[in-house]
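The structure under discussion appears below in the form of structure tokens.
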Amino acid sequence: MEHSVTVELVDVTKYYENKCLFRNISKKLLPGECLTVTGPNGSGKSTLLKIISGLVKTSSGKINLRCNANRLISPCERAKYIGFVSPELVFYKSLTGYENIDFIAKASGMAALPEFIMASLQRVGLSGQAHEPVINYSTGMRQRLKFALLLVLNPPLWLLDEPSSNLDTAGKKLVADLIHKALTRSTSIILATNEAEEANYAHQKINLA
Amino acid sequence: MLNHRISNIITALAAVGVIYAVFFIVPPVEGLGEKVRIVFFHIPAAWISVMAFVLSALWALRYLNTHQIEYDRKSATAAGLGFFFCLLATISGALFAKITWGAYWNWDPRQTTIFILLLLYGASFALRTAIHDIDQRAKISSAYSLLSIVVMPFLVFVIPRYYSSLHPSPVINSAAKIAMDPVMLYTLIAALLVASALFRQLFIYYIERTRRRDLAQKDSPEGGGRL
Amino acid sequence: MHTKKLTWPNSAWAILYKDLLCEFRTRYALGTLTMFTLVTLSGISMTLAGAAISSSIAAMLLWIILFFCAMAGLARTFVYEQEAGTLFTLRLYANGQAVLAGKLLFNILLLQLVTALLIPLFLIFLNIEVHLWGQLVYVLFFGTVGVAAVATLTAFMVSCTNAKGSLFTVITFPLLLPQFLTAIAATEQILTDMIPSWNECFFLAGYDATVIAAASLLFDYLWYD
Amino acid sequence: MEHSVTVELVDVTKYYENKCLFRNISKKLLPGECLTVTGPNGSGKSTLLKIISGLVKTSSGKINLRCNANRLISPCERAKYIGFVSPELVFYKSLTGYENIDFIAKASGMAALPEFIMASLQRVGLSGQAHEPVINYSTGMRQRLKFALLLVLNPPLWLLDEPSSNLDTAGKKLVADLIHKALTRSTSIILATNEAEEANYAHQKINLA
Amino acid sequence: MHTKKLTWPNSAWAILYKDLLCEFRTRYALGTLTMFTLVTLSGISMTLAGAAISSSIAAMLLWIILFFCAMAGLARTFVYEQEAGTLFTLRLYANGQAVLAGKLLFNILLLQLVTALLIPLFLIFLNIEVHLWGQLVYVLFFGTVGVAAVATLTAFMVSCTNAKGSLFTVITFPLLLPQFLTAIAATEQILTDMIPSWNECFFLAGYDATVIAAASLLFDYLWYD
């Protein structure tokens, strides 16, 4: 990994017309640290992650992503530093798993070697179905595909929203391994989850009441 | 398929016979002259194309009632051949029109009918090729061909009423315009019979081929053969 | 008991209502259609620049526009359900006949709306005067109903394929032609202040009836495989 | 509940052109029993449930649903007897939760009283957002909405595919309660899951290798 | 290293390629497109029933058909991404300019294809003879490019704000009109063997340039809101 990312949340507040999700959250996440976001359904975990990814605006306060602890990362180049695993991440159904990863990588401004893509598909146990259209994938296989994408993009900041949903025990184990490995490689990870055991990776915690 | 081969031979002979008759027995007609001979290719072609359309619809119905892929295969094959004959009818008709009316195409009602027939055939192919799952494909294209057969009568009845026709009435209501001397009539009937026979032979051949291909797919190591 | 049974017509109403609601919240179809009518009409009238056109061509133009609007608006009948993934839900729970009826009604409504929008503009732009209003409305209504009926069924067929937009037109048009031609002929007569013959009017209605009947017979085969 | 449903799987086999998912599964599920379907990702759990619901065809063998242990239920009336909770069940995004349930109930041929719908939304903890469009729902809230729908339809056969995915601990507990209650009311339940603890409800098991 | 950086034009290519792939996954998409043009044209010429039409009406018809083909296809550029939920993915990872360029190219290509299919058939069916081929191609190309550009931008607006979708579609209508009318006028002249005046040609090209520039400026605001 060339560079690492530091995430600063400065008084982040988000409310929708009718309700306030969270207010004045301030945190600083260093490379190699894991921040877990917990809370009941509808408490705003995914929203917070989307705010950090830049897809949703804060109501007040702001997010600073710093490359190698100094340079600020501008909105338009964020894509290159962030990997997002989310239930809302949807693949192109008529394309195969391989094509999806290849396309998204290219669209985000990097060309990946075919064997590298295949290797990461292998890693998540999809090498068999690499060339089947995603519409034929099972929910679990789609979830695995998201991690294959993450491995290919290999960004310095991971945003994981319910990473192990729809996965079988083997899959859950795989995710745990990936997270551990990533942390050792000084990746910053922000993890929104409902599972108690996933909260254990945390160096820091945010609990949205 | 020995008997199939035999019937093939018979059909071939009959065809030769009819062609001979068309070119050497039938007398040239005043007005049309030698060109009248086109009629003997034109009319049968037109008729087969219409008949095939009906047949394919009937088989489509059978399919929808008994979800047996066999019937869909038949329906599809009939449509395929029908398309082919439809093209022949259109082309021969167009030539005929050029000769008699001086223009290849002028939306004469009959031309319109057959053109729409062409469109319907084409549409059902476009539909078929866009669906990959076999059962889905069979189901949907059957429904489509039934829908089109329901609409067909409207075409046949409406179009002649809104376009003045130069076109002679087909032979069934046998008041054929050109005074048909018996020789012509018999030759024409013979031609129709031969054309139908030809259709049948081709039909059987293609059904066999597709069935064999499907079986081959089923038996291949990956696929249903695994069962 | 907290719930009571409904007959399928009520379900059909529910589906119609749902579609209206969705359409009302995301005015997709209506927006597109409005644009279509506006652009084409202004295009036409400005190219004609006041030059009068024969009523036959006027009738043709009118129905071509209607046809295209239909193709543009009705293709999405089922396709959007499928792309949004709600087709799964619908097929799981909804009664086939109800779906057909509901969608059909919605499409008819949509086309009627477009027609209502189109006609006045059309007559104004091409400064045509109509005296046989009753007949015109009759022809327009039954003409569009037929279009809607065929389109509803073909739209569902298309939603099961992987070739969406253009295929819809391709498989719909040939089926519509008889209706299309009759309607044009009738409209032309009306625009020349001739009362169209009964059998034309009869034909239009008959076509609609036949197609709707056929649709409701065929749809169950498609809906429950 | 007026009637109960017995499910018979007779030599059910499913293969897709390139692979065979399961073959010759035969089971009989009586009212008030729970059948769990387990197996790794992509093993065919959801497919089996879809086959039982009639949305997917078997390659061979067949499914018999019997009303009150005798009368066979025809394909077109299945909808009235089955409730399906599945990741593939999607709601109309522009409609509110309430409208969605109201519509689906009506479409399936039953009119539910408004207060009854509100009550079941309350039960799954969505009373607050009943009148928000579903597009604003969080993943967990959508999952809860599926159960609200199930409560309203109140069918004699439940097909649950990963029922507790995306749910928080409270939600998981809710699902457990619902299942227990349903079983006591002689509902037949077929449950496809990756979670070990959910497999405990089982009176019968199918394990897809 | 397993990966290497790409500049945004490459990303644009990737997006174009993806769209093409999705579009042509059905091997016969092209066949369908041909059928489509065939259908529309035969419909028109059939309703004309051989009656000759003035070149002004011919030009108008040509552009109306093109416009409908365009709208039918292009309006969904982004809407289908949004309905399928892939817009989230795209916005998350893809570069705004790349997306715009890719989609724009795709739409232009599609329209060019339709035009290429349409023109010969059109000339045959309405038996029109053209001598100023160069000018015709010029007008058609720049005309369609303009339509594509506007359509792309509109399509994105429609996709991002559902509720106001219709509003935007109606707004773009005046945007499109000048191009539309100029193109029709120019085509009419060409069909009557007059060489269209330079300023018309300039207008067409200029319009395209302006719209595309405006689009690429606007798009980033919309993309990274």
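Lettered A, B, C, D and E in written order, each chain numbered from 1.
By definition in this document, a contact is a pair of C-beta atoms (placed from the backbone, for glycine too) under 8 Å apart; a residue touches a chain by one contact, two chains touch by 3 or more.
Keep in mind that what you see is a predicted model, and the values were worked out from it rather than measured.
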**Message:** To test your reading of the model: what rotation angle superimposes chain C on chain E by C-alpha positions, in degrees to the nearest 5?
**Reply:** 175
**Prompt:** If every chain is reduced to the average of its C-alpha atoms, which one ends up farthest from chain B?
**Reply:** A
**Fill in**
When centres are defined as mean Cα positions, the distance from chain C to chain E in whole Å is 25
**Approximate Å spacing (C-alpha centroids) for the pair chain B, chain D** = 50
**Request:** Between chain A and chain D, tell me the centre distance in angstrom, where each centre is the average of that chain's C-alpha atoms.
**Result:** 30
**Distance between chain centroids, defined by C-alpha means - chain A, chain E (Å)** = 37
**Item:** Multi-chain contact sites of chain A, meaning residues that touch two or more partners
**Value:** 88, 94
**Complete:** Note: chain E residues in touch with at least two other chains are 25-26, 28, 32, 35, 39, 46, 84, 162
**Request:** Would you please write down the residue numbers of chain B that are in contact with two or more other chains?
**Result:** 119, 122-123, 126, 130, 135
**Asked** Touching chain D in the complex: which residues of chain C?
**Response** 2-8, 10-11, 13-15, 17-18, 21-22, 25-26, 84-86, 88-96, 98-99, 220, 224-225
**Message:** Give the list of chain A residues in touch with chain D in this complex.
**Reply:** 16, 39-42, 45-46, 87-88, 125, 129, 136-141, 143-144, 162, 165-171, 194, 196
**Item:** Contact set on chain B toward chain E in their complex
**Value:** 106-107, 112, 115, 119, 122-123, 126, 129-130, 163
**Message:** Give the list of chain C residues in touch with chain B in this complex.
**Reply:** 150, 153-154, 157, 160-163, 167, 170-171, 173-175, 177-179, 181-182, 185, 199, 203, 206-207, 210-211, 214-215, 218, 221-222, 225
**Asked** Which residues of chain E touch chain C in their complex?
**Response** 25-26, 28-29, 32-33, 35-36, 39-40, 43-44, 46-48, 51, 53, 56-57, 59-60, 63-64, 67-68, 71-73, 75-76, 79-80, 83-84, 158, 162-163, 165-170, 172-173, 176-177, 180-181, 184-185, 188
